[in-house]
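Both of the next two complexes hold chain A, though its partner changes from chain B to chain C.
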Partner chain A sequence: MQALAELKEQIRQALPELDVVIGWQQGYDALHTSPLFIRSEEDLEKLVVNEFCVVNPASYLREMRGGKKVGLVLKGCDSRSVIQLVQEDLLKLEDLTIFGFGCNGVLNHAKLQARFGDIGYIKSIENSGASVTIEVDENKETVPFSELCADKCLTCSYPNTLQCTHFAGEESSKEAESEQDKALEEFEKLSMEERFSFWQDQMRRCIRCYACRNACPMCVCKDHCLANSRETKWLSEEVDVQNNFMFQLIHVMHLTGRCVECGECERACPMDIPIMLLRRKMAGVVRDVFAYNAGTNAEETPPLMCFKVEEPTIEERH
Partner chain B sequence: MSGSTGLLAEGQDLRIVGFLCNWCSYGGADTAGVARCEQPTDLRVIRVPCSGRIDPLFIARALISGADGVLVSGCHPRDCHYAEGNFYARRRFEMLKQFLSVTGIDPERFHYTWVSASEGQRWQDVVTSFTDRIHKLGPAPKLSGGTGYDEECLKEIAAAVALGDECPCHKEKA
Partner chain C sequence: MACKFISNENTNQWLEALAKDHVVFVPVDDGGTVTFRPFGEGRKLVLDRMPVRSAKEAVFPQSETLLTYKYDKDPENPERTSVRIRETLPKERAVVFGARPCGTRGMAVFDKVFDNDRIRDPYYATRREHTMFVTLACTKVESTCFCHEVGSGPADTSCSDVLLTPVQGGYAAEAVTECGEKMLEASFFADGGDKCAEAEAVKKATREMLGEAHDFSDAPEKLLAAFDDDEFWEEQAAGCLSCGACTYLCPTCYCFNITDEATGTTGKRVRSWDTCMSFQYTLEGSGHNPRSTKAKRLKNRVNHKFSYFPESYEKYIACCGCGRCIKSCPASVDIRAIVKAAQARGAEKESK
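What follows is the complex of A and B.
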């Protein structure tokens, strides 16, 4: 990838001024990458940028607070989480050096697994952009990229890193497959009772491991999370439907107007609970009422941090 | 003037939680009481210093626990005792209201409005029509699992109101 060579060069030049640059390196197999913390030129050689760079490097920023000069290699979606944090005054843009590139989408492991079975033994993988060819044992199969990519890539309108300091390679011309959120539309065809019982079944399966929260780049208060507070006691230690559902509502509501719909929460869930339905609904409501897309403009004030005396889009409730 | 519409007269109380701001709506309810306006008895009132103090999670907590309805009332916009509390609150309530449907909790079970201290009559109308609405909807579906709606849950919400804790990360900043 041409962008990779350019990225490396840009990082190499910026590195002397930075404490660390966070990106991705090859993981334990061909299908995984793990975070890479670049502090020297040798580290830089390990950098990879491909369709397995799923994790958002910005999730590690929280540990990096306190005047450090941090560089980040970010996909378009990742950059939204950083911008949103800047908007909330939780990060300073001047402390960050953002290395951007044009993203063509990432693959979803659950979908890969569903399609190819045990993907621990793949021989090779090639991605042409439009399709993915995977060789597992004796089988070689080619599947359209859109059938294997993360859901968020289907509706992605920001494939190019937003507000970056450096941009490498060509801009991505990737377009959203559809504007609509089909899964949410389908779900909203159900009656209230059906929805309620759907969540009751899903929430019964939740083991309250908090992986969804811990993976969320916008959950900056993990150490003080309401879910763990005992004074006020929002949740009991019981892992029952009511407490689990309440936990999800805490997560969704604390991300009202903040959630960048990156899908990290659902991806991290070991129980495959479709919690993005809740997040996307809330993000849609925020879009409808405030015409606001989280993390797309560092100058904008998030909608719940301000108000209008007359709210033209809110029905006055006399 | 009826707290006792046909539906209410059946005598079955449903579980409605009311969050009332101390300066306006609580006063309005009081005015209604002093004027001996008849009021439905289903409402359990939690008094809050300002509608801006109402964390939408209080409302969610009540609903998730199985409350049949939640009514929120504060000072009219522009009349907030603290100048801006209800403006922020309005945005939060509206987000919750429109979001609720995806959870399967009927958004009709949550209503927010504004009542001033002098509007005893208006308070009576608000509470009566909301209670009527909830009676028409009937008891809310309950989750099978968890403690449900009980005194304890109401006490915990009230205690949370009193604690007035804020989100610490946004206080300390990055």
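What follows is the complex of A and C.
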């Protein structure tokens, strides 16, 4: 990949000035990458950029606060979380060096799994861009990329890293396949009772591991999250539908107007619970009410962090 | 071990029969993941995939009530209250069907901790006594499997009562315990015949798929030698998100928390899973936290399984090699690789 060679060169040059650059490296099998923390040129050789680079490097920024000079290799969606953190004054743009590139979408493990039984038995995978050929067990199949990619990539209009210091390779011309998330559209056709029973069923599966929270770049309190607080105790230690759902509601409410729809929460969930439905719903509400799209413009102030007597997008006086 | 045969059709009938007086936990499709749920109408068994959750809940539920209590005011002296306590020991008899050998073997770790000559945890021990395990030998291996490297294998019978091996048309069934032998007396089982040889071939083939085993035997000392190497642990833990998914899915993780959950004058004492990956795990009342960073916490998880536990319990590695923590980790943190890195670190130091 052209971008990879250029990225490496840009990072190589910037590295002496930086404490660390966060990117991705090959993981334990063909389908997985894991985050890479580049501190030396030796580490840099391990960098990969491909359709398995799913982790959002910005999720580690919380630990890097306090004047550390951090470099980040970011997909378009990942870069939105950095911008949002800057908008919220949780990070300083001048401490960050962002290495951008054009993203063509990432693959979704849950979809691969649903399609191929168990991807743990993966033999090989090839991606041509338009389609993916995968061999699991005795089964070899070619499937359109769009059927296996992350949902966020289907609606993504920011495939190129926003506000980056360096940009490598060609810009991606990838366009959103649809404006609305199909799953959410389908979900909203259900009656209230059906929606409620849907969530009851989903939340029964939750193991309250908090991977959704810890993978979220915008959940900044983590260690002090109120889901774990002992005084006051908001959630019972009993793991049941009610408490599990309560935690999801806490998470989604704290992310309303801040969630950049990077999808990390849902991706991290070991139980494959479709919690992006909740995030997308609230992001849509914020777009409708405040005409605000989180993490797209560092100059903006998030709507819940400012007060305007009259919101230009809300008709309150007649 | 006597070997018998049960056809696919009879297996279903056997489960139905067992379900009459047991809770029968089976791996089912649960919204795309595979979890253990009670056998019953409309539940689709999934036996060709490794369950995402292990069956540890059959003996160690994520949350369980240890006792219930009620405060009573003394009518003579309202300043005084008395408390009535009722213990709530588990009563149900259960069968776990279709767990993988690695998942079941996790209990060997619990047994050592919860039921030994010094301590007997009545909740665990009662469940353990009342639960039978019918385990399913693996016929293929995943990229995350390493049972063969921690003293186990794809047909391990360590904590099973019965081992089933998939063969043409059904399963070859071997009793491991006396209780398992009784189970195989049910009319659904026929004589094993040549199915037994077929089963042996299946087991051998699966074992071969795993290839040669890495040797973890010097891991305890190598990990201990790396104990104070903060840089090493920070590097290993860099990608970790401190979520705890690894520990909750792990068949050998047994840490718990105890909380009193009160409503007015009544309440219950609840025991629930805890995880060393969480900041709260060692947070002291004073506010001091000896494991304040994720590197210190990951060090605990890896060392507990590959160093502290083997040191306390006759070299027994407290990891069954199921790979769940690797497979479900959102950041693909690989416990095998960490232990190997500690072993290699030792070698590097020695060669210097």
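Convention: the second predicted complex is superposed on the first by the 300 of 318 C-alpha atoms of A that agree within 3 Å, B and C clash if a C-alpha of one lies under 4 Å from a C-alpha of the other, contacts with A are read in each partner's own complex, and residues count from 1 in each chain.
The definition used in the following text is that contacts are C-beta pairs under 8 Å (C-beta built on N, C-alpha and C of every residue); 3 or more make two chains touch, one makes a residue touch a chain.
Predicted, not measured: the structure shown is a model, and the values here were computed from it.
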item: First (chain B), second (chain C), both or neither touched by A:S178; value: neither
item: Partner chain in contact with A:F198 - chain B first, chain C second, else both or neither; value: first
item: Partner chain in contact with A:M282 - chain B first, chain C second, else both or neither; value: first
item: Which of chain B and chain C A:E238 touches, first, second, both or neither; value: both
item: Touched chain A residues, chain B compared with chain C; value: B
item: First, second, both or neither for A:Q13, with chain B first and chain C second; value: neither
item: Partner chain(s) touched by A:S157 [first = chain B, second = chain C, both, neither]; value: neither
item: First, second, both or neither for A:P270, with chain B first and chain C second; value: second
item: Which of chain B and chain C A:Y210 touches, first, second, both or neither; value: second
item: Contacts on chain A seen with chain B and repeated with chain C across the two complexes; value: 224, 236, 238, 240
item: Sites on chain A touched by chain B in the complex; value: 65, 85, 88-92, 184, 187-188, 192-200, 203-204, 220-221, 224, 226, 229, 231-234, 236, 238, 240-243, 245-246, 249-250, 252-254, 256-257, 277-278, 281-282, 285-286, 288-289, 303-304, 307-309, 311, 314, 316-318
item: Complex contact set, residues of chain B against chain A; value: 56-57, 60-61, 64-65, 77-78, 84, 87-88, 90-92, 94-96, 98-99, 101-106, 111-114, 141, 143-148, 156, 159-160, 163, 165, 167-170, 173-174
item: Chain C residues touching chain A - in the complex, by the definition given at the top; value: 30-33, 35, 48-50, 52-53, 62-63, 140-145, 235, 238-239, 241-245, 248-249, 257, 259, 261, 270, 272, 275, 278-280, 294, 323, 326-328, 330-334, 337
item: Chain A residues touching chain C - in the complex, by the definition given at the top; value: 27-29, 32-35, 37, 55, 59-60, 63, 110, 113-114, 117-118, 120-122, 137, 201-202, 205, 207-211, 213-215, 222-224, 228, 230, 236-240, 264, 267-268, 270-273
